[in-house]
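In the two assemblies presented below, subunit A is common to both, partnered first by subunit B and then by subunit C.
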Partner chain A sequence: MRRNPFVYYGKKALIFLLSVFLLSVTVFYISRLAPGDPLMSYYGERVEKMSVEEKETARGKLGLNEPIYIQYIRWVENAIKGDFGISFKYKQDVMQVIGSRIGSTLILGGTGFVLTFVGALLLGILCAWYEDRWVDRLLCKGGTLLSCIPEFWLSLVLILVFAVTLHLLPGSGAYDVGYKNNVLNRIEHLILPLVIVVLQHLWYYAYMIRNKLLEEIGADYVLLGKSKGLSKRKIMFRHCLRNVLPSYISLMAISVPHVVGGTYIVETVFSYPGIGALSYESARYHDYNLLMVLCMMTGILVIFCNMIGQIINEKLDPRIKATEVVETSEVTEL
Partner chain B sequence: MTEKELFTVVGIRPEPPAPKKKVKRLKGFPWISGILLALILLCCLFAELLMTKEPGYLDLQNFNVAPNGEFLFGTDTLGRDIFSGIWYGGRISLTIGFLATLISTLIAVVYGSVSGIAPGWLDALMMRFTEIFLSIPGLLMVLFLQAILGQANVLSLSVVIGVTGWASIAKVVRTEVRQIRNSEYVVASKCMGGKFPHILRKHLAPNFIASIMFMVVMNVRGAIGSESTLSFMGMGLPLEIISWGSMLSLSEKALLTDSWWIIIIPGAFLVTLLMCLTNIGNYLRKSANRKESNL
Partner chain C sequence: MEELLKIEKLSVGIHSPMGKVQAVRDVSFALHPGELLAIVGESGCGKSMLCKTIMKLLPKSAKIEGGRIIANGVDITDYSDKDMRKLRGKLFSMIFQDPMTALNPTVPIGKQIAEAILIHEPKLPKEEVYHRVIGLMELVGIPQPHQRYKLYPYNFSGGMRQRSIMAIALAAKPKILIADEPTTALDVTIQAQILDLLKEIRTKLGTATILVSHDLGVVARCADRVAIMYAGKIVEIGTAEEVYYDPRHPYTWGLMQSLPALNRGAKELKTIPGMPPTLIDPTVGDAFACRNEYALEIDYHEQPPMFKITDTHYAATWLLDPRAPKVVPPIGGRGHV
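Up next is the complex of A and B:
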């Protein structure tokens, strides 16, 4: 099918903008309609001592008294100019608050993602290679068990074993006091969270690779390859893997938000100063401006990765229609 | 004939009893998981008979006690007996699991059936929506909603988990409905004036129940996991409401005092339960697939 690239990407961009718009409206309304007092995050405990009039003035100062749609329009106007307001809790520009923290999350999420991507591929191939032998069975059982363990509990157990009992690795934070610029110290702090992020997702994708490879092995061309004398390795890597990779890559593109979402919880358990702990705080204390930007960032990441996944799929394998991508991802999820 | 009888005429053909198949159906059933699950369910149900202490009682003289003869699983940092808490709190965890799944299954069945029966454009729109929904990490959505809603109780937590977990079931329901919506019996039922709820109950549901059963079981698993994560992070159930998650929310304090039993014991129960559910779910998936391939 030949498409006009201009129309093709134009359409994608339009859908993207529309999704971002809908997302921002939804988050804006939900966060403001939900019960809770944003003044708490601005004034802290002092709120309880404030009189009703004082609260009113404070709300007026923060622009929270107007109807929500007017607040929304004002937010959009400012956002287009690059001004996302101040964080109620930190009394700082939202972008500054996020900027000081985003590095840690990117390192954790990025490394975790790459390790998961490569590790799952290798594990999947290993399992498919030794199908139904003890390696495969052991890994399958282990993987199922691992998928049943909640992320936070695994983190706790690892902290208990490696930090509290064995004193091998630090159990919280991103660096020790006074070692801010020490790379080794930072890496030490990164190990445990990273292990959790990787373990949590590794099996899920490895299993998908394994099953897809096994499906491929049943195909006719494998028989042909075998009959013309190709080795098992050649058939597996040159032919089968090649057919599996496109769907794997597009699946991984879609999974970026899931891996990043996983880091959010890990960060809170390890008190790792990243975006995750921040978004949790902002939602909890109704820090509207901060919450809005964090939600938009996560949302845009989700939408963007989905689109990349679709585009990769359509380019690499024209047989697959865009909608099928999500279906494959869903099957493996279960 | 009354109207009701007329409808039952075109209902699904009653299957002839096949005792042989029943034996086959249980082949490969994960007995260990099944028995463990039944055991946990029973113990939680009859918690009063097992409990050696009042689960909510703060025994200030015996806090942080390691497992011994009196406190079988030790006590937590507030002095509550963990052994009693496990059974008592298991109820809450299981209730949330089942309630949340009930909510999401109901939403999924209605949404999926409507989407399956609806004209093409509406179907496409509704499916696009579920795809967007699916692409957002579920736990993040639950966290976000619950954080905004503030203090949780059993019902609100179930609702939050329920309304975020229906999308994948809805997709399967929709696919199944699409396949059978033009079958003679559905058309016939429609011609005789069968309304949507009737068609859904009598003709559609019996067809897709087998294929969603495994997802429903997995949904229970997911809901229990979400509850514990949320409660652990301090956004789910408060400490006074004992559940496996809220028992684990004390574990940060426990880490400081090196009291492993506070972390390991409730967690081990949680993981065992989730593992049992997974095994049963996988069995259901296999048996649903097997049925399909036999046809």
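Up next is the complex of A and C:
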């Protein structure tokens, strides 16, 4: 029995839309139910000097007086038209605020993701190749230790060592004042946060690759490969790695939000002007419109990447299709 | 006749947390061109280990501790993995017990066979490789090879997979084929087909074959010579005729008596009492002594040497010593089979 691609992708799209809807409702309600005054982010310190009537007018102007579901419906109506409102804090269109910050995060998260992906793969292969030799043992122990260190602490240590003591690298920001378009300056600022982003995830995936490869190496087909005269290198790269890669790629697709989202704490510690630092601020100052869009962006990224991962898995690995065949044949037998 | 493969006093030990396991102990035999030698024994008696030792596919924990492997007149005991690679597939290759796991599940069958050809002849043009693969698939009895070339292992049944594995094993025209329980994981009708195929291949290509099995009945179909293995040792070896009609070792008697075919009409199937010994720490005396109803006092103190019965028939039991009491075998002779 073959699946109809329209039904298949239609189903996926439906699940996607439903997830996005539920996410938006949840975020909308929770942010408004959280204690704190959104006027603080709009008027800042002045709020304290405002009278009750003035506050009421301000709330009315910002549309905060109506019941939450009405507010939500209005938000959805505007959002569909492409209008996400203004940021209370920056008094600017939300998209403009995000637009000015997203580049920095994409550079940090994107580079971090690529480095993690490639680095983990290479490390994993290295460990599996030298299984139980000193390289493998050292990396396994060191890697586990390293991944146990909290990222904010490691960030501070790196800032202390490389920025404060050695003066080798800058410890905060994305560029120095007046060097906005200087690539070299930007790279200098990128190094420390990038190290943290990569180190945070590297070993987890490297260890997974190592173990999956070792599992494959222990399989019978490797013995058959050896008995026909294949070299260790060819068995490793042509057979074992080939069988490990699909699941790795799908896992990495799922991990995109983790790695990119992992920049949030790093950005805050390094005062790196990206989406992460912005999200943190928006939640703290009840900047509802900004928070809403940032949450939706992250959420959609998570849902989307999960789906991509699943699709890749199903397309690349014939074994998954094989289980499908078994399942359907069992069903018909019953 | 020149020997293709000669094993001399081979011993293999596996280091485990519980101690050293003597998986193969002092095994000697020879394989002649074109013959089918069967090695029979219970599970865990070291049959598979012996096969893997010959091809040097031992796990890291296992080591050859003594003896020599002479292949084609050359001592390969100390060959490195790189040297062995040139021999594997070309001089000898292997078929495994479980065809469900021995193929890479994500590579099409045809490609896996082609790979085996290309290892030893990397410069062969593509079409030639394809023709050879098709030829091999036809040889091992895979119908419609052109359509099946691109199929994956999961599209194949167990028997078809075992045939594909045979095609891979035969791809570089090896002189020796080691079949490690090739039919154990298959159902009975397929078993017979695969055994017939082994025989057919031997006649067509003249490939010498070592067939490992735990089933004397399976072996009876096709073996020229039979070696009975117990606790890492060969206890009896001879032509199929000699071993089946004139067995001399009490263990062989036990194995024969437990064949269902010879128990027809009996209420209970005869069995050998007890369990095979674990091979941790070397045994004193004959490892089979405690299960052997014909055991002599000396069996508990000293291992029996190989006694020669005929030029081709040997057995390791003290019963063959001239001083031993005469024992009438409970089985054997033409009347039985």
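Structure notes:
Keep in mind that, in the parts below, the second predicted complex is superposed on the first by the 316 of 334 C-alpha atoms of A that agree within 3 Å, B and C clash if a C-alpha of one lies under 4 Å from a C-alpha of the other, contacts with A are read in each partner's own complex, and residues count from 1 in each chain.
Here is the rule we use: a contact is a pair of C-beta atoms (placed from the backbone, for glycine too) under 8 Å apart; a residue touches a chain by one contact, two chains touch by 3 or more.
Everything numeric in this text was worked out from a predicted model, so none of it was measured.
Clash-free side-by-side placement of subunit B and subunit C is the outcome of superposition onto subunit A.
By the touch criterion defined above, A:L156 lies against subunit B but remains apart from subunit C after alignment on the C-alpha atoms of chain A. The wider contact with subunit A, measured as residues touched, comes from B rather than the other of subunit B and subunit C. In the superposition on chain A, contact of A:A283 is made with subunit B only, not with subunit C. By the touch criterion stated above, A:I265 is placed in contact with subunit B alone, subunit C being left untouched.
With both structures placed on the common chain, the touch criterion links A:I187 to neither subunit B nor subunit C.
When the two complexes are overlaid on their common chain A, residue A:L122 makes contact with neither subunit B nor subunit C.
By the touch criterion defined above, A:S147 lies against subunit B but remains apart from subunit C after alignment on the C-alpha atoms of chain A. Using the contact criterion defined above for the overlaid structures, shared-chain residue A:T298 touches subunit B, although it does not reach subunit C.
In the superposed model, A:L14 lies in contact with neither subunit B nor subunit C. After superposing the two complexes on chain A, the shortest C-alpha to C-alpha distance between subunit B and subunit C comes to 13 Å.
In the superposition on the C-alpha atoms of chain A, no part of subunit A is touched by subunit B in one complex and by subunit C in the other.
On the subunit A side of its complex with subunit B, the touching residues are 19, 30-31, 34-36, 144-145, 147-153, 156-157, 159-160, 164-165, 171, 254, 257-258, 260-262, 264-265, 268, 279-280, 283-284, 286, 295, 298-299, 302-303, 305-306, 323, 326-327, 329-330, 333-334. Remark: subunit C residues 55, 57, 81, 85-90, 93-94, 96, 98, 101-107, 115-116, 119-120, 152, 154, 165, 168-169, 171-172 touch subunit A in the complex. Those residues of subunit B that touch subunit A in the complex are listed here as 127, 131-132, 134-137, 139-140, 143-145, 147-150, 168, 171, 214-215, 218, 221, 225, 228-229, 232-233, 235, 248, 251, 255, 258, 260, 263-264, 267, 270-271, 274-275, 278-279, 282, 285. On the subunit A side of its complex with subunit C, the touching residues are 219-221, 223-232, 238-239, 242-243, 246, 317-319, 322, 325.
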